[in-house]
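Each chain gets a letter, A, B, C and D, in the order it is written, and its residues are counted from 1.
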Amino acid sequence: MDMQAVLDRIHDEAQPLLGQGRVASYIPELAKVPLQRFGMAVSMLDGRLYTVGDAREDFSIQSVSKLFSLTLAFQLVGDALWERVGREPSGTAFNSLVQLETEQGKPRNPFLNAGALVVTDVLSTRFVQPEMALVEFLRRLSGNAGLQYDDAVARSELATGSRNRAMGHFMHSFGNLKNPVDAVIEAYCRHCAIRMNCVDLARAVGFLANGGVSPVGGEQVLDASSAKRLSALMLTCGTYDAAGDFAYRVGIPAKSGVGGGIVAHIPRTLGVCVWSPRLEHTGNSLAGSFALERFTSLIGQSLF
Amino acid sequence: MDMQAVLDRIHDEAQPLLGQGRVASYIPELAKVPLQRFGMAVSMLDGRLYTVGDAREDFSIQSVSKLFSLTLAFQLVGDALWERVGREPSGTAFNSLVQLETEQGKPRNPFLNAGALVVTDVLSTRFVQPEMALVEFLRRLSGNAGLQYDDAVARSELATGSRNRAMGHFMHSFGNLKNPVDAVIEAYCRHCAIRMNCVDLARAVGFLANGGVSPVGGEQVLDASSAKRLSALMLTCGTYDAAGDFAYRVGIPAKSGVGGGIVAHIPRTLGVCVWSPRLEHTGNSLAGSFALERFTSLIGQSLF
Amino acid sequence: MDMQAVLDRIHDEAQPLLGQGRVASYIPELAKVPLQRFGMAVSMLDGRLYTVGDAREDFSIQSVSKLFSLTLAFQLVGDALWERVGREPSGTAFNSLVQLETEQGKPRNPFLNAGALVVTDVLSTRFVQPEMALVEFLRRLSGNAGLQYDDAVARSELATGSRNRAMGHFMHSFGNLKNPVDAVIEAYCRHCAIRMNCVDLARAVGFLANGGVSPVGGEQVLDASSAKRLSALMLTCGTYDAAGDFAYRVGIPAKSGVGGGIVAHIPRTLGVCVWSPRLEHTGNSLAGSFALERFTSLIGQSLF
Amino acid sequence: MDMQAVLDRIHDEAQPLLGQGRVASYIPELAKVPLQRFGMAVSMLDGRLYTVGDAREDFSIQSVSKLFSLTLAFQLVGDALWERVGREPSGTAFNSLVQLETEQGKPRNPFLNAGALVVTDVLSTRFVQPEMALVEFLRRLSGNAGLQYDDAVARSELATGSRNRAMGHFMHSFGNLKNPVDAVIEAYCRHCAIRMNCVDLARAVGFLANGGVSPVGGEQVLDASSAKRLSALMLTCGTYDAAGDFAYRVGIPAKSGVGGGIVAHIPRTLGVCVWSPRLEHTGNSLAGSFALERFTSLIGQSLF
């Protein structure tokens, strides 16, 4: 089956699922999104692009941003980052403070909210406008110069972000946040509020499949070894507390967000992004998880 | 042995202990206090006063304030308070967030930092200046019109209060803090920074031993039943995570603070306060705990 | 109001509660007990006895036995016991293993199942038949030479005691159980299965109110100081994870069991026992808790 | 560099590490093993075999057995297994009971001790001698008909296995262990005590790299999809609480044991086993972890 046929078939199979699952309601602005949506894009490393459904409709990338802010911070400080944030799956909810207390303010991995706050703190030390640093990075990676964050969503998230604020002050109490907590939280909320579509993200993630080189602009984003290592981290920690199950069912590195997007890649082959707003109880897109499971099965490729 | 002889003997016996233990260092201003201090005061319900050592030297009351802010909040809202804070010992450190997560933002008791923040939130809803409301309450209870909080200590605590701020935002995320977190934290830090001496506090606690009526001014602070109940709470929860041990060894209701003060009372008999700055690992004054254990033993009275 | 009138009134007031609450169902034999029962007995230190309702009907004392096995172990090893079991309220369920793991196999207090297993281990080291040692101790304390444990209940509890067995092996792995785990569990289940009535228990607990001397036989069970200390422990830890609430509402030292019995005492005055099989969610007798709260209120005495 | 040269180089580089790390001492028999050992074997799917050092010296496979007992149980009950054990990394130590309590007796994954006990329970329901079922399975997979478990090690582990016994009874209390706990523990200890060498294990793991078909005997052990899925589980959960770090550094599916062995594979390519007895604090072989990190780096292959 050719790639377009694969996407068309997944699109058909996913239709009955679009009414299932719930949308994230804790950010009021996010709850306003139209729900009956499904888009998917595959960007081959040779430049060919395949799309289906709402692949060009923008959505809030939310925690998908954590993959790219991590990459940017890793460019800046390299392995020194791991002194401040771990590389292990958490075994607890994405916004839990329990683990932070047990492990003295060091988050288990950079894809938890607490870990992403440390990452944002690293960016805040280096950049005057850490939110625009990430926006510009994603513009280069995706080739879409018009990317921007949605200020209404960012402000909605800020207004309801007591839990993130609690984490920030908690890590500050352990000395693991260096910049003013309010400023770090604000930058973090803006990162989450960046709007992109499936095509943008399928292209942007390509560098991880391509030995660290962006297939869009040719930029050497990371060395090949680091690209492999961040991919391993996606596999073990990228889909909240369901990473083990996701690896079991789908078998490729992925990072999801509560906006309903999931980016993933197959090393040496392609970048892929799927979007559908309704979520499983794990916080991952319900139709999106299904789509990726079918995808690796239909094309007969996974890591294993 | 008469009461003065009891105090003199305890004072003698305590001398070798004054060099042991450590002072709370997380609040820089507190660490500046002179360490070789020991004072004790007993205020009989009939007005007789006994003192020894540094009983008239002011110190930072710190968590001893939690007993009086609780009394004030209980005057305002009565048993409705228990919908927002529990009455059980915690089994965890005084500044732990773990329990808060497990129990959905409801602190186990009002003598934990988190519980005292809820209490302060209640006062913040009712009073424009919740810090002065407590200062004035303590002026009336002690008969010392000159009481004040120490602004340098309050600011020092505010500057280092990331853990309390984390708790505040965390409870706010569960809807259990109603006022702006920063304002509540500020009032709380000023409560902790009130300066009093042993004589002031031995008098101030008298109402709990006296059926709710202040032996100083005759004010009906609480009804008799409520006075008993708050005393029970002191016994089970008043000395951090050492309350069981303290009840076992001392056997009377007490509330301690990291400034080295401990207030206690014997129902229908007396109020007592001891102060010595160096602390046990539990956060209670080392010489102070010893002094109260000797006190109930020498006068042959405890609850049991 | 005289004592008999107090008991009669409580008996009347308790009637509407007898249909509420649930019976412990995890021990099948226990679930067979008749439910519409309420008995209460007060044994004054001078020997006068007051009873109401089903005060002479035997019931399974269950965790009430922990108070007496503790006393027996304390006679044997004294304060050395506290190296193996703590004196702090737990903040967790009576059968939780979490705390044991955090604190390296040392139970928080002797009234948790894990703590009572350590106590039983102490008795198992000293006595060939630790179950009969406790039975005989209770015969002396109550003056009832016919006491016995119910073998059917003991075997029912043994058959369903996987959680206790897990605790036993867990503590054994930390070196805090010395005898074979199965033997300790068996003795423990027989302790729980002892049958007594309210009159027996009100008399048996009297030594704690009487400076350590049994008012029944005159035996010096403990020295006066130790009697006070175990009483303090009852107050802070005796009623499962509701000890703080119980102290707040009732205000006297008490120990409850899932068989529906609660023993308590007022120092220098009386021993009391109430029994009613249906339980609150905390595991304490529902009508029994109500009865003791009314009791201290009507006679105008509590510790505080 | 050809494969033999790769192994020779790793062997040289590993020498300085052989004196570092500690041996597992909680099983006395295991502590008797000679420490200065290092062996490694690579078994290509086409049958070529490469070895270095002590690749033919037998050792106790310990938790490496969990991979094969899981495979056997999965053959029997398929996806129904996941109703009794999860597929998520644990975030806690391999022998923690905390997670079991929080999640009602369902272990997080089959590579934790608790999870392997559930797996062994499945085998105990099906086989009269579950230990011999696994031994015979491994004889077929490795082509070594002489494999056996070491009874002295099994008995040593049984004698010191209080923690495992605690877990067994704990899961039994939740209904998640069906057979008598003692029998399951005994079979489990015998599984751990199986003796194999690097050559045996490199061959035995080959079926996971080969679409589920054993490259030794041609047996279809699992269907291709299941082989992929168990491999994903190895990657996310196979190396204790260091699985994230291991995936990050090494990047291939692996399962380790406290006997110092680690098996791993590269899909469609090879099976590999390394052995060196001294361990990192995570419980994984120190020189073994280093060797596999160098291996994927030198041959330029990992999953990512």
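Quick note on the criterion: a residue touches a chain if its C-beta (ideal position, glycine included) is under 8 Å from a C-beta of that chain, and two chains touch if they have at least 3 such contacts.
The structure displayed is predicted, hence computed values, not measured ones.
Undergrad: Spelling it out: a chain qualifies if it touches subunit B and also touches subunit C; which chains qualify?
TA: Correct list: empty, since no chain touches both.
Undergrad: From the centre of subunit A, which other chain's Cα mean sits the farthest off?
TA: Of all the other chains, the one whose centre lies farthest from subunit A is C.
Undergrad: Distance between subunit A and subunit D based on Cα centroids, please, to the nearest Å.
TA: 32
Undergrad: Measuring from the mean C-alpha position of subunit C to the mean C-alpha position of subunit D, what distance in angstrom results?
TA: Going by mean C-alpha positions, subunit C sits 48 Å from subunit D.
Undergrad: Express in whole angstrom the distance between the two chain centres, defined as the mean CA positions of subunit B and subunit D.
TA: 55
Undergrad: Could you run through all the chain pairs that touch each other?
TA: Chains touch in the following pairs: A-B, A-D, B-C, C-D.
Undergrad: For the complex, give me every residue of subunit B touching subunit A.
TA: Interface residues on the subunit B side: 96-98, 100-102, 162-163, 165-170, 172-173, 181.
Undergrad: Within their complex, state which residues of subunit D touch subunit A.
TA: Answer in residue numbers: 86-92, 99, 108-109, 225, 227-229, 231-233, 235-237, 241-245, 247-249, 251, 253, 267, 297, 302-304.
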